[in-house]
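First subunit A sits with subunit B, and in the next complex the same chain sits with subunit C.
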Partner chain A sequence: MESVLSVLYQFGTNAAFLLLSAIGLIVILGMMNIINLAHGELMMIGAYVASFLYHSGVPFAACVVASFLALALAGVVLERLLIRRFYGRELQALVVTWGVSLILAQGMLLLFGPFLASIPIPFGSGAVGAFSFSWYWIALIAISLLLVAGLWFLYYRTAFGLRARATMQEREMARALGVRTGRVYMLTFALGSGLAGLAGALMAPTTTIAPYMGQQYVAPAFITVVTGGSANVIAGALGSTGFLSLAETPFTIWFGTFIGIVAMLLASLVLIRLLPKGLSEWIQRRWLS
Partner chain B sequence: MDTAPLAELAQPIPKAQGFFMFKRLKVEDYLVATLWIAVAVYGSVISDYSASTAAFYILNVPMALGLAMLWGIAGVLSFGQVAFFGLAGYTYGIIAGNIVSNLALASVAGVVGGLAAALVLALVFGYFLFYGRVEAWIVPIVTLVMTLILATFMGQTAGYEWKVGQVLLGGYNGMTNIPPMHVWGVDLFGRPLFYYVLAVVVVAWLLTVVCLRSSFGDVLVALREDSLRTELFGHDVRLMQLLCFSVAAILAGVSGVLYVQWGNYITPDSMGLLQATLPVVWVAVGGRTSLLGVVISTLALNVLSFQLSSSGNQYAFVILGALLVVAMVVPTFGWSQRVAAVFGRRG
Partner chain C sequence: MSEESNDENKIEKITNEVDSNVDRESGEIPELGLSRRDFLKGASGVVAGSMIGGGMLIKGAPAIAAPESKTVDIGFIEDLSGNLAIYGLQKYHAAQLAVAEINQGLTLAGGPVGVGGFASMGQQAKKPPLVKLNPGSGEIETVDDGGDATESGILYGEADDILIDSGEKGLLGKEVNLMAPDGQSNNRLWQQLSRKLIQQDKVDVLVAGFTSAEREAIRPIVDRSKQLYFYTNQYEGGVADEFTFCTGAVCEQQVIPVVQYMVENYGPRGFTIAADYNFGQLTAAWVRAYTPLVGGEIVGEEFVPLSVSQFSQVISKVQSAKPDWVMTLLVGQNQSNYYPQAAAAGLKFPMASTINMAQGYEHLRFNTPSLARMHNAVNYMAEIPTARNKAFVKRFFKMFPKDPYLGQMAQNTYFSIHLYAKAVRLAGTTDQETVRKVLESGWVVEAPEGAVFLEPGTHHASHYIRMAKADEDHNISFVRDWPTIEAWWLQRLGVNLVRHPEHKQYTPQEDQFFPMLQKMASK
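Showing the complex of A and B:
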């Protein structure tokens, strides 16, 4: 019983970690086929915002919301200044966002020094028999599911979602029908950046807050988007995090975190050899159409 | 009815022209050759110590040329060139460090082994990427993840259980005491090392020129512009991309081997996220498609980062990041093409 719970818990935390790290990337990729390599740095800034606010007495939940809003605003600035010049030129966009990530990480180091005050983990821990767990990670699992549900609502039940999906499907036609695609791109980029900030703030209590903390999310988040592909945001997010945590969890339990990540990389390599457009395209073709 | 067009269509498609039909050199190739002569002359007038530093400036050129070929010419972007660099360096260290009885054999076996390791890694990853026909953005992401994982792996190899033969892998502190290049009974240091590095760099450059100024180079350009159309002309696009990726990996491996022969140590940081940026910056600033531009920008930026880092300047990566953004945003960044145009019509 306890060992089953423990494996389930491990699986859930792995999946939640992947989902939170990658959700902002997946949203942006699905819409404009652009990978934002500064994603990890946006998460880092989210954690910085949360830490500053938390230590000036703001409750943690409010810090998380503030991080989302702050980074969404930063996303608008980034999109207007740089990203909009690179629609349709995905490789150049990758390189530009990489340049941005260097400036942000090293700039933060120069501005605020190598460390920032950390945030204590809320909620404490619980136990079932010999199996102990952290309530905060249970909360993170719940929050990531809520995030996916929220995105589903946004994409399938709102006017913005309809326009966004139309733009994704056929940009020129959507524009001809009166959708302001430039604005859709801007808002999507803001949403993706905001989600990065939110994820950074949520992860902040579980890690050290430092200028280069974004790097630890790079490998898992990118493996997740590569596996998921760009066809469908919701299917990509759920499918690839589920698949990758299935591949990762046994190796993490038996051999440790590093081998778990290697297993994820190998699993995703084999997967894209079989399904080059990613899991989301396959799920959509198989079950959603 | 006129059946001639159908009859013509029914003819077997003529086999794509000879794989290595060599074309004319371009003006920029003569300019780069002149540059190498100037560098060789420069190496003879500076002090022994400066020659050693100068060797460091030029040893990264093969890696940059490989990426220029891969990204600028073939349109396949890789963020993982430093993985091949690091793997070749570590492999050289392991092999050369274990053959103590014959130093000359140790260097040669190390070089061959290092390049072979880079080639094998490139073939394995390239197979999955190119034969899966993945979308263009997946290649840089997967190669970046490959690099980070390799760096993480090497970082946790501290302690005596990570010993290959007599060589310690060394974890984050890196592998030390890697044997230098040994020929004709002497270890190469200072000025001889400089000329050895220069000779290898020139050979690597010639290899790139031969690849690009041949029908193979034309196919690479064609598949960058329109890969479906290239495929319909009878070229195996997947194989061409894999070949180009492998050549670029070997060139990165050449830089890696030269680096450990020059510095006699290597750390996992040489495959880290920051290092992975450098080749991309060199090539982007050089204008991507021009070998002249890439060679000049690689030399200039290596001098710049060496000066910045040896003076302890923390702005190095901010500057490099800004350069990357500017090189991508400013649309007419083909400065090197214009330089070549001054010297004559491009061939």
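Showing the complex of A and C:
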């Protein structure tokens, strides 16, 4: 019983880590097809906002919401100034966002030094027999699922979602039908960076809040989104986090952390070889259509 | 900045420098040839007349010197930006402090036998004092003084003022200049920068390197140019290089004390979590080899890639192994996340390390009690409550009031630069070969940690090792002292760079000693 719970917990935390790393990128890369290398830095700024607010007495939950709003606003600015000039030019967008990431990380180092005060992990620990765990990670698992559900609702059950999906699939046609595509792009980018900020704030207590902290999330985020594919980004992200943690968790238990990571990367490699359009295309074909 | 310059120590200092020359002359100086004469010629400039007795004539053989430079240039590479900036900035600031002091006419006490102190029986407190650093004021505050002096023991006196008058501003009449480009945590850039400093700027000495990867990236360049090089980091050990001086602590100085302390105080079963690269692997090999010798066993090992920042699986593994203590050899800011995550998951095992707290000041960065029960055999932490260290910490934070901490490698950098200056002053020249020979004469420098001896044959330093322990509030106490631990492993391998120059790094795999220990342990 204890060991079953322990394995489930390990699986859940691995999946939640991938999902939270990827949540903003699901929108920006998965939907808008912008290779956003500044994704990690957006998460970093989310954590910075949370840390500043937390240490000026704001409750942690409010800090997380504030990080979402602040980063959504920053996303609007970034999109208006830079990103909108690079729609449909993926490689140029890649270079530009890489430049943005360098400026943001080094700028934070110059402005605030190598570290910011950390946030204590809320909720403390629980135990079942000899197996003890952190309630906060349980909360993160639940929150990451809620976020994906919310994203699904927004894109598949609201008028905004319909217009957004139309814009991403057939921009000219959507515009001809009266959709203000420029605005849809702006709002989508703002949502993506807001979610990155929110995820950064949620991760903040578990990590060192530092200028280069974003780097740890970039690779997992890209692997998750690319393995998921873009046919249905939300189903894809859910499927790929489940699939990748399913590969990682047992190999880590048996052979150690390094082999666990190798197993995860191999799994995504094999999957992309077999399903070049990602997991979501297969899910779509199999179950959703 | 430092008003501590004091004239009364002048006499002591001169005595030391004179002593050092006498020792040099009567001692053995094999295979020095031409450069020996250069050395003596140079030395005469500083302590003129004090060395006539040796029967040496000073003549001829002009130094093969590079075009006269108006400054003494110290090439200094550390990571001032990027992932490792947290360590690089501390080291850079410590180097700036050392250079400023040299230019003001100050030096650290020291010489071939060091200053020494007297010891006597006396009464001391039962417990070590509990202290904490206040970076704002640069004060080391005493939280608990350990109680009344009721225990008897040997009390050892060491000089409180280690910063003494050097007799000149700068070095050999020149200003000391720190050339410090930013390595940006990027190994390839490190190679370019070291090439530029060595070949173009022709620096007189190179002080550089945080990670072993950085050091190994630039060491071939150093060797090709015969560049005098100081590596000031704590590291895994084994570098035997004619041109490299390693002034940080190595495995034999830290691993054995910490493992012994953990087994004695918490029980035999240890679990190692280590960063999965050069440093972590080799240090874990030392832990594995030595734990059985002190009556313990390593019940599990987990190597974690540097990119990992999420530790719930590692934490579960440690839990299921049920160790008595956990050895954490975690490197970099991603991996330091282990501590708060483990605390939040309810892990309460005592922890041991050779790096954490002393380098990345995790005890000040993370919320209490993430680092509670952490033990580290350090050669330096800013909290060391001795008078000489308190003065050093004050000087540092006066110069850099916004800095968060002053760590192990910053202190190593500081005394290494002072040591270099002392050697140049004695040599009377910045000619690198001559300075290298002088450094190989058995120096003791009075560092903030205590007396440090630079062993000539291996180019490694002995250190004053203290067992630092963090409590629930992250206050520090030093629960055991080893006033001198030598870096003996290269000596065991027969390395003597004075007689047999070499340029390599030894690993435990090359020493049958380690398999032997393993075999003994398995019996």
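Assume the second predicted complex is superposed on the first by the 285 of 289 C-alpha atoms of A that agree within 3 Å, B and C clash if a C-alpha of one lies under 4 Å from a C-alpha of the other, contacts with A are read in each partner's own complex, and residues count from 1 in each chain.
Simple rule for what comes next: a contact is a pair of C-beta atoms (placed from the backbone, for glycine too) under 8 Å apart; a residue touches a chain by one contact, two chains touch by 3 or more.
Computed from a predicted structure; not experimentally measured.
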Inset, instruction - Would you mind checking whether subunit B and subunit C clash or fit side by side on subunit A after the superposition? - result: clash
Inset, instruction - Go through the superposed model and pick first if A:I223 touches only subunit B, second if only subunit C, both, or neither. - result: first
Legend entry - subunit B versus subunit C as contact partner of A:I261, first or second or both or neither: both
Inset, instruction - Would you sort A:W98 into first (subunit B), second (subunit C), both or neither based on which partner it touches? - result: first
Inset, instruction - Tell me which partner A:S193 touches in the superposition: subunit B (first), subunit C (second), both or neither. - result: neither
Inset, instruction - Scan A:Q215 for contacts with subunit B and subunit C and give back first, second, both or neither. - result: both
Inset, instruction - Have a look at where A:P114 lands relative to subunit B and subunit C in the superposition and call it first, second, both or neither. - result: second
Inset, instruction - Figure out whether A:Q106 sits in contact with subunit B (first) or subunit C (second), or with both, or with neither. - result: both
Inset, instruction - Have a look at where A:A127 lands relative to subunit B and subunit C in the superposition and call it first, second, both or neither. - result: second
Inset, instruction - Tell me which region of subunit B runs into subunit C after superposition, given the options 22-30, 292-300, 310-318 or 328-336. - result: 310-318
Legend entry - Intersection of the subunit A residues that touch subunit B with those that touch subunit C: 106, 109, 215, 219, 258, 261
Legend entry - Contact set on subunit A toward subunit B in their complex: 33-35, 82, 85-86, 90-92, 94-96, 98-103, 105-107, 109-110, 215, 218-219, 222-223, 225-226, 230, 258, 261-262, 265, 268-270, 272-274, 276-277
Legend entry - Interfacial residue positions of subunit B with respect to subunit A in the complex: 71, 75, 77, 79, 125, 128-129, 131-138, 140-142, 144-146, 148-149, 152-153, 156, 273-274, 277, 280, 284, 314-315, 317-318, 320-325, 328-329
Inset, instruction - Note which residues of subunit A are touching subunit C in the complex, please. - result: 3, 6, 9-10, 13-14, 17, 106, 109, 113-115, 118-121, 124-127, 130-134, 136-137, 205-208, 210-213, 215-216, 219, 249, 252-253, 256-258, 260-261
Inset, instruction - Would you tell me which residues of subunit C are touching subunit A in their complex? - result: 81-83, 85-86, 89, 276, 302-305, 307-310, 312-314, 316-317, 319-320, 322, 333-334, 336-337, 340-341, 343-347, 365-367, 402, 404
